[in-house]
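Next come two complexes, and both contain chain A; in the first it sits with chain B, in the second with chain C.
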Partner chain A sequence: MRHVISILVENKVGVLARITSLISGRGFNIDSLAVGETENPAISRITIVVKGDDAILEQVRKQIGKVIDVIKVIDFTNEEFVERDLMLTKVNCPIGKRGEIIEIADIFRGKIIDVGQKDLIIEIAGTEDKLEAMLSLLRPYGIKELVRTGSIAIARGAK
Partner chain B sequence: MRHVISILVENKVGVLARITSLISGRGFNIDSLAVGETENPAISRITIVVKGDDAILEQVRKQIGKVIDVIKVIDFTNEEFVERDLMLTKVNCPIGKRGEIIEIADIFRGKIIDVGQKDLIIEIAGTEDKLEAMLSLLRPYGIKELVRTGSIAIARGAK
Partner chain C sequence: MIKTGSQILLDALIREGVEYVFGIPGGANLPLFDALYESSIKFILTRHEQGAGHAADGYARATGKVGVCLATSGPGATNLTTAIATAYMDSIPMVAITGQVKTFLIGNDAFQEADIIGITRPITKHSYLVKDAKDLARIVKEAFYIARTGRQGPVLIDLPVDVTLEKCEELIPTEVDLPGYKPRYEGNVRQIMIAAEAINSSKQPVVYTGGGIISSESSKELLAFAEKGNFPVTTTLMGLGGFPEDHKLSLGMLGMHGTVYANFAVTECDLLIAIGARFDDRVTGKIDEFAPHAKIIHIDIDPASISKTIKVDVPVVGDAKNSLQELNKHIHFVERKEWFDKIKDWKGKNPLSYDNSGSVIKPQYVIEQICDAAKGNAIITTEVGQNQMWAAQYFTYTKPRTFLSSGGLGTMGYGFPAAIGAQLGCPDKIVVDIAGDGSIQMNIQELSTVVRLNIPVKIAVLNNGYLGMVRQWQELFYNKRYSNVCLNGNPDFVKLAEAYGAKGFLAEKKEEVRPIIEKAFSIKGPVIMDFKVDPNENVFPMVPAGQAINRMIGTIA
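And now, the complex of A and B:
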């Protein structure tokens, strides 16, 4: 099963290395991982997407919780949460095709952030499904480069 | 100096752990790190933002290049590139303040992706400066939660 796990850690040298070693030591491959600052510069938040056996993952989650400098581990699996991924993609684009590609970007509310002689760069944020849907329309033009942040997640507020 | 480094790797168990250990082993703290898929599911791209001594960082860059499963290491420092970060933030928001907060989100082209009784969640992508600028206007309302992906980067196309 796919799990989105959020880990609050003290922003210290080596914490990330300990956590990634723990996960790969159990044979899990990390689908995506994002580490960024929180409101408090002394604390970072790591978001990990990982697929695998639920029981073993539960053990890994507990082990992560015991790592020094780890403040909190949240598994979003059974929570109400929103999830977003960011993608920058450089698409092959002869001048005559610009209109078509800009149209596709607009439909998905992507932004054109750079235009070159033979390509353009689109920025888009959304769920993995949305990013995949846009990509499937852009593929026929030729994807020259693609970089994604991996998912980040946040719990929904009380209704 | 601040460096944005992009690393193409084979999508295998343990690669990320080896790279993060290498960097923290030299005493560098990673400001942000994002790992996501590329167009080829067998290859992932790691984007790291790190600050520190240029000469030592150059050594680390070379060591990373020697790690098995690392395909390519790019330091964007002297390149023309675009850089984007994604942030989800839950802002304290009594019903009477909704209009004001939505206005701030609109100015920065942020999107409201969830509304609760006492808070709302804003999604925004942009440069670190833009994210910081929006945050400084939202802080007086109270930031309840904040998660960022860290920067990803892509080289500009030939003009």
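And now, the complex of A and C:
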């Protein structure tokens, strides 16, 4: 099952290495990983998306919780949360196709952030599903390059 | 006050109450050794860093204090890794300090550089690379705090040589501030009440305890618990000494080479009360058939140990001592005659036994004689293999911190250096390393250490001319195809002892065993006893790997 794990850590050397080695040590590949400072610069948040056996991942989550510099671990899997992934993609764009491609980007609320002679760059933020949906429509034109930040996630406020 | 990094480090160690540091100097820790020259800390120079690491570990296990070892960068540091891994697997509090190349050279493939932080990441509880001498006092305080609290374990401090030379204001911390590290000592009261209820209503309970009883110093509370509620108690290898084995409620050790009655009792119990133990595969055997009828209560300070391999019904995250004190208020005595009759029957039919009728020396006999001659005043360390299992089975442990053995990692070469640390920590005890002729050669160089410092450890080599445990497995499971287990070319251990300046005695016949043990114990210096034992003797009973623990070789049902 796909798990989105959010980890609050002290912003110190080595903590990321400890966490990723706990995951890779169990033979799981990390689908995505995003790290950045929180509202408190002494604390960073690591968001990891990983697929694997639930029981083993529960064990991994507990092990991550034991890392000295880890303050809190949340597995969002069974929680209400909002998730976003930011993607930049350079799409092949022959003369005459520009309109079609911009239309696709618009449908997904993507933004055109650069236009070249033969290609253009689209910026889009959303869930992984949404990004994948747009990509599948763009693929026929030819994806030249693609970069993603990996998912970041945050729990929803109380209703 | 302005001090150098080296002085700050040593003063911080002294504030932590460090008496001994074990290790070897080298290029990257020269300034530190210069400061040690006039320090009150006693430095024990070993002959290999692995010896230093195990000695620090043995000191920690025997005394309950944090053991400290010190090596230089590169090969010095990598030589420590087996000892660090050993301490990690058995949750032993240790601080390992390694020299490192100058800060600006790190990552440059400098002379004697190794990324020891990276190498030891999976085998340390935490690690620090010190980049500024101003942080050093705080780091040492945190390192000791982390090593000795919660589930204990080794912490590494990697110390670049320029930091040890740097002069700065010493900032002595008053408190440890680790927002992500808050080990939980008190078990949840509601969970403890649920546990107490299950305990009081159980008809066939078994208490299964591990090293957590030793590290939390709760053997008194365990004894009170077992006597008050009337429960049979079995311990893991790591838990030996946590419950007196001469007590009528004791079932001895369980697991692969445990007693038949302990394994039968666990298999038939209706309630398994696990305290400070982690359901290791050498204990459980085949998981599906481990305690199949039992409700399981698990008390452990490490939340990650709970329901790791076996689904637990009543988890209690907390310190064993605390939890037992609380539980003891809520449990009551139940007679359970039928259950104890059953256990008595199993004990009668399947005691630990071996054939001692011939004149050849049986290794089990050697252990029994050591036990008897030591009169309860011994600390036993072991190597790994048959020697370790016989030492576990045939010595009667009645007190905690008297059996020091590499349980989790199974490190051959552990016992002798661990004995050095134990002897320094407990000078009034007789410290005996029960060794095999294979494993003793893995750290034999420490004979120089004990001779030079006259550390009176005794080494009992159960010399069968084989890597015995592997030979046993090849005999039982590999059609007696004895591949590379015969130790032809062993040294003459008596001459070897003498070459180092120690005493060496040889026993080839049964009647020579006791006299040389007594002679060795009467000598105030290191001794090797070479017992030529039956090379064909195996460790029984035995659960074949992956089998259910009630299916033991050498059992009468």
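Here is the rule we go by: the second predicted complex is superposed on the first by the 159 of 159 C-alpha atoms of A that agree within 3 Å, B and C clash if a C-alpha of one lies under 4 Å from a C-alpha of the other, contacts with A are read in each partner's own complex, and residues count from 1 in each chain.
Rule of thumb we're sticking to: a contact is a pair of C-beta atoms (placed from the backbone, for glycine too) under 8 Å apart; a residue touches a chain by one contact, two chains touch by 3 or more.
None of these values were measured; they are calculated from a predicted model.
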item: Touching partner for A:Val9 - first (chain B), second (chain C), both, neither; value: second
item: Chain B versus chain C as contact partner of A:Lys66, first or second or both or neither; value: second
item: Partner chain in contact with A:Ala17 - chain B first, chain C second, else both or neither; value: both
item: First, second, both or neither for A:Ile154, with chain B first and chain C second; value: first
item: First (chain B), second (chain C), both or neither touched by A:Lys130; value: neither
item: Partner with the higher number of touched chain A residues, chain C or chain B; value: B
item: Intersection of the chain A residues that touch chain B with those that touch chain C; value: 13-14, 17, 21, 25
item: Residues of chain A that touch chain C when the two form their complex; value: 9-10, 13-14, 17-18, 21, 25, 59, 62-63, 65-72
item: List of chain B residues in touch with chain A within their complex; value: 6, 11-14, 16-17, 20-21, 23-25, 27-39, 45, 47, 82, 84-90, 113-121, 123, 125, 135, 143, 145-150, 152-159
item: Parts of chain C lying in touch with chain A, wherever the complex brings them together; value: 117-118, 121-122, 125-127, 129, 146, 151, 178-181, 302-304, 308
